[in-house]
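Read through the structures below before going on.
Two complexes follow with chain A in common, the first pairing it with chain B and the second with chain C.
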Partner chain A sequence: MNNREIYVKVFLDTLGVEEKELEGLKYQDVPSWDSVGHMSLMAELEEAFDIMMDTEDILDFSSFEKGFEILNNYDVEF
Partner chain B sequence: MVNSLIYKKSNIRFLSILGQRGAFGYALTELVKEKSDIIALTGDLCITSGLERFYKKYPDKLINAGIAEQNLFSISAGMATMDYVPFATTFSNFAALRSNEQIRHFAGYLNENIKIVGFGAGFAMGMFGTTHYAIEDISAIRSIPNLTIFSPADCLEVAKVTEAAYNIKGPVYIRLTGVMNHPIVYKDNYNFEVGKSIRFFNGKDIAIFATGIMVSKAIKLKKFFDESNIGVTIFNIHTIKPFDKTSILESLNFKLIVSLEEHSVIGGLGSVIADNLCNFVEHPKLLKIGTKKEYQKAGDYEYMLNANDLSNDEIYMKIIEIYNIEGEKENE
Partner chain C sequence: MMWNFNSIDNNVALIEDSGLHITYYQLNAMSRNLSNFFSGKKLVFCLCKNTIGSILGYVTFVNSKQVPLLLNSELDSSLLHFLFDTYKPQYMWIPKEQLNLFSDLSVIYNIYDYVLIKTNFNDNTNINDELALLLTTSGSTGSPKLVRQSYKNIKANTESIVEYLKIDKNEKAITTLPMNYTYGLSIINSHLYAGATLLLTDKSILEKEFWHFFKEYNATSFGGVPYTYEILEKLRFFKMDLPSLKTMTQAGGKLLPSLHEKFAKYALENNKDFVVMYGQTEATARMAYLPAEKSLEKFGSMGFAIPGGKFELYDLNSNVITENDVVGELVYYGDNVTLGYAEELSDLEKGDERHGKLVTGDMAYRDKDGYHFVVGRKKRFLKIFGNRVNLDEIERMIKKEFNIMNCACSGYDDNLFIFLVEDFNTNDIKTFLEDKTKLNRAAFNVKFIEKIPKNDSGKILYKEFKEHF
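Our next item is the complex of A and B:
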């Protein structure tokens, strides 16, 4: 799997959403992306890409699209 | 319950991102699946207590007592008499100080089965300032009979402590320290026993007794002591009361004992150790490291730790200074 596919899979597995919902998906758009779900998503992404995010980035991770930008800062290329 | 939370590495990291209060909320939401007698109460701090998901899943199991902490614990005691197991959450200072008489009466005197969850202990409330700091809470609660006092070292231990609190048939105070992205002490499952400290390393020179988030700081210091050829042993005092007296017995031959806590040096872990050391005619010097004795201007969390000389560098320098003085005395 390439990085984009890994990224998408983490979203699907962690939040239990369908792939068609991902575009434009923002924090708290679905019940599973609540504060606890957010931290779980962050932890799964960290494990998937073998990175450790700063608190500011965890808080700034507000949407599916924003995540690409943040992970780029950790040398995860899409 | 706890085992299901932790076996995956990402779950431990997940809990650490949540911080101690979020980890508590998550643990309670897991625990209530099996323990239907649990009820959560809060002093208008549902989301701040990490209980957002708990509330969404179990709206009938959470009571918001409002910003009225004395009522919060009085209602909790009433629920306990009806065989519920109430977990009542608020900031540590409002639990231990504002509601001290209710805790004394209901938890101490009447021994009701309430679980007092104080979060934001130490300086975790940052810019909220001194009115929201809890640096006297252990001191204020420790002398009240019947209470068990927990101060977990990391977020995995929060989950363990939450479950242990449920299993104790009596009042418990859980002191939660630190902020989000909490340092991880335990990367894997481990054995947790109420009142039994957990030992790290086997140095013979300095015994560091640490509690709460300070355990992770103590562990970080180990490499600096190694560079100076000083052997350290670190005790994680996750249970302040009942205190693990065997840890004192194991420390009597060290050159220096250090207590390390994000709490006043008066009445906290350092005082607990002093209370125990005084039973021995001869014992090592005790260096108590904690918050300064005077209140200070408020600031964010890291600022307050630095202002109280609780940065890694300051802690190390304090310990080395006293260790060297003790060494010189020994050589005289």
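Our next item is the complex of A and C:
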């Protein structure tokens, strides 16, 4: 799996959404992406890419698209 | 009157994250206008948010002796309608954007983001004079079982909290919990009672806007359930620069002792107070607290009874345990012990059924210095992200929805396990529970086992599920 596929899979598994819902998906758009879901999502992404995110980035991670930008800062390339 | 806003005039009472704010003087004036719509004692459904409109309604209804039932504005609409049909409220106080839920009813007043609606139900109930407020026992499953709180209950508990947390009018508490949740409400009650300021937001601690709001208005305190503190630790809270923060309180379930220790240490080193507390909706809100100065020394403990309250520990034969370090069921005495439950409309006529004594259902012991440690629960419920979840109710909901015979629920706090024998779509079950309980799916684990362990008389042996966690 390439990085994009891993990223997508983490979203699908953690939030229980369908792939077609991902585009434009924002924090709190779906019930599963609440504060609890957000922390699980961050933990799963950290594990999948073996990184440790800063507080600002965890708070900034507000959408499916924004995540690409943030992970780029941790040398995860898409 | 629960709150007497007249004497404290021009202090700011409420500030919204939109910047909108009102003083106590204004709150009092607006509250008087709203109260003019009522005569007699009526039931009012309030769909709560952390906004000025929501709080204005609540304080008005309590002060003018109406009986509000506080519900989360995000409560599943079928559960809401079920409660509506069960309790037949005369009025509803709801956010404007939810008017579509009751579009056939007439709006008689609106202010800020809220509207007052008159329903078509007849007024046949003789609501008990002492009854001040109704709260749900489980905010999430929409159970019709409500806790009946009296004026005496709220006043006693509020005064006690103001005393032991030393809340004065200079405090600025920021909301982190829903208002319909007893712990969130106790923060609102006590700060309004002390003439302090409430910073109102529905933003979570995971949003930048929350922290901007926090810093802009120099919040001095917040409360959190165990999960709040787990998130804060992951957010590297200990490195945040929050000079205005003085007090952090914790309730809504037992914090992991290791996390309790970390926050106690942080507080001690940074000249802040970390206060672990214990309570239940059945005791209005608070029953116990661990003073900040003992937080590190006695981590893992929830302290001792609040001013005006008393604990006893009962053994299996309901005899009082006098020895230290012996586990028994925790029993509380105090003026904040609520009247009892309501399960149907006619129960609102009932008076005090508990007479100041509450058997908590929690198992605990007391150490030689008089500090209490909760070790577990007698009853079948879990705390999930601070919300009480009845395992039997979840079981019933799944059986009904999916038409399954063999289903058993068990687990530990923040982790609910659903055991099934037949093969089922795990995702469907999680989505259903998430939808109904409004709790995140991360708490739900679906497991398939060969058979549900039962004893000879067919009772499920819940203890045997532990090996599958």
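What we mean here is this: the second predicted complex is superposed on the first by the 78 of 78 C-alpha atoms of A that agree within 3 Å, B and C clash if a C-alpha of one lies under 4 Å from a C-alpha of the other, contacts with A are read in each partner's own complex, and residues count from 1 in each chain.
What we mean here is this: a residue touches a chain if its C-beta (ideal position, glycine included) is under 8 Å from a C-beta of that chain, and two chains touch if they have at least 3 such contacts.
Keep in mind that this is a model prediction, so the values were computed, not measured.
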Room on chain A for both chain B and chain C (clash or fit): clash
Which superposed partner A:E5 touches (first chain B, second chain C, both, neither): neither
Chain C versus chain B, contacts on chain A by residue: C
First (chain B), second (chain C), both or neither touched by A:E47: first
Chain B versus chain C as contact partner of A:Y27, first or second or both or neither: second
Contacts of A:E65 with chain B and chain C, given as first, second, both or neither: neither
First (chain B), second (chain C), both or neither touched by A:G16: second
Stretch of chain B, among 58-66, 202-210, 220-228 or 274-282, that runs into chain C once the two complexes are superposed: 58-66
Contact residues common to both interfaces of chain A (with chain B and with chain C): 31, 34-37, 39-40, 42-43, 54-55, 58
Chain C - residues contacting chain A, complex: 204-208, 211, 227, 230-231, 234-236, 239-240, 385, 427, 430-431, 434-435, 438-443
In the complex, chain A residues that touch chain B: 31, 34-37, 39-40, 42-44, 46-47, 54-55, 58
Residues of chain A defined as touching chain C within the complex: 14-16, 27, 31-32, 34-40, 42-43, 54-55, 58-60
Chain B residues within the chain A interface of the complex: 9-11, 13-14, 17-18, 22, 25-26, 29, 47, 50, 52-53, 56, 179-181
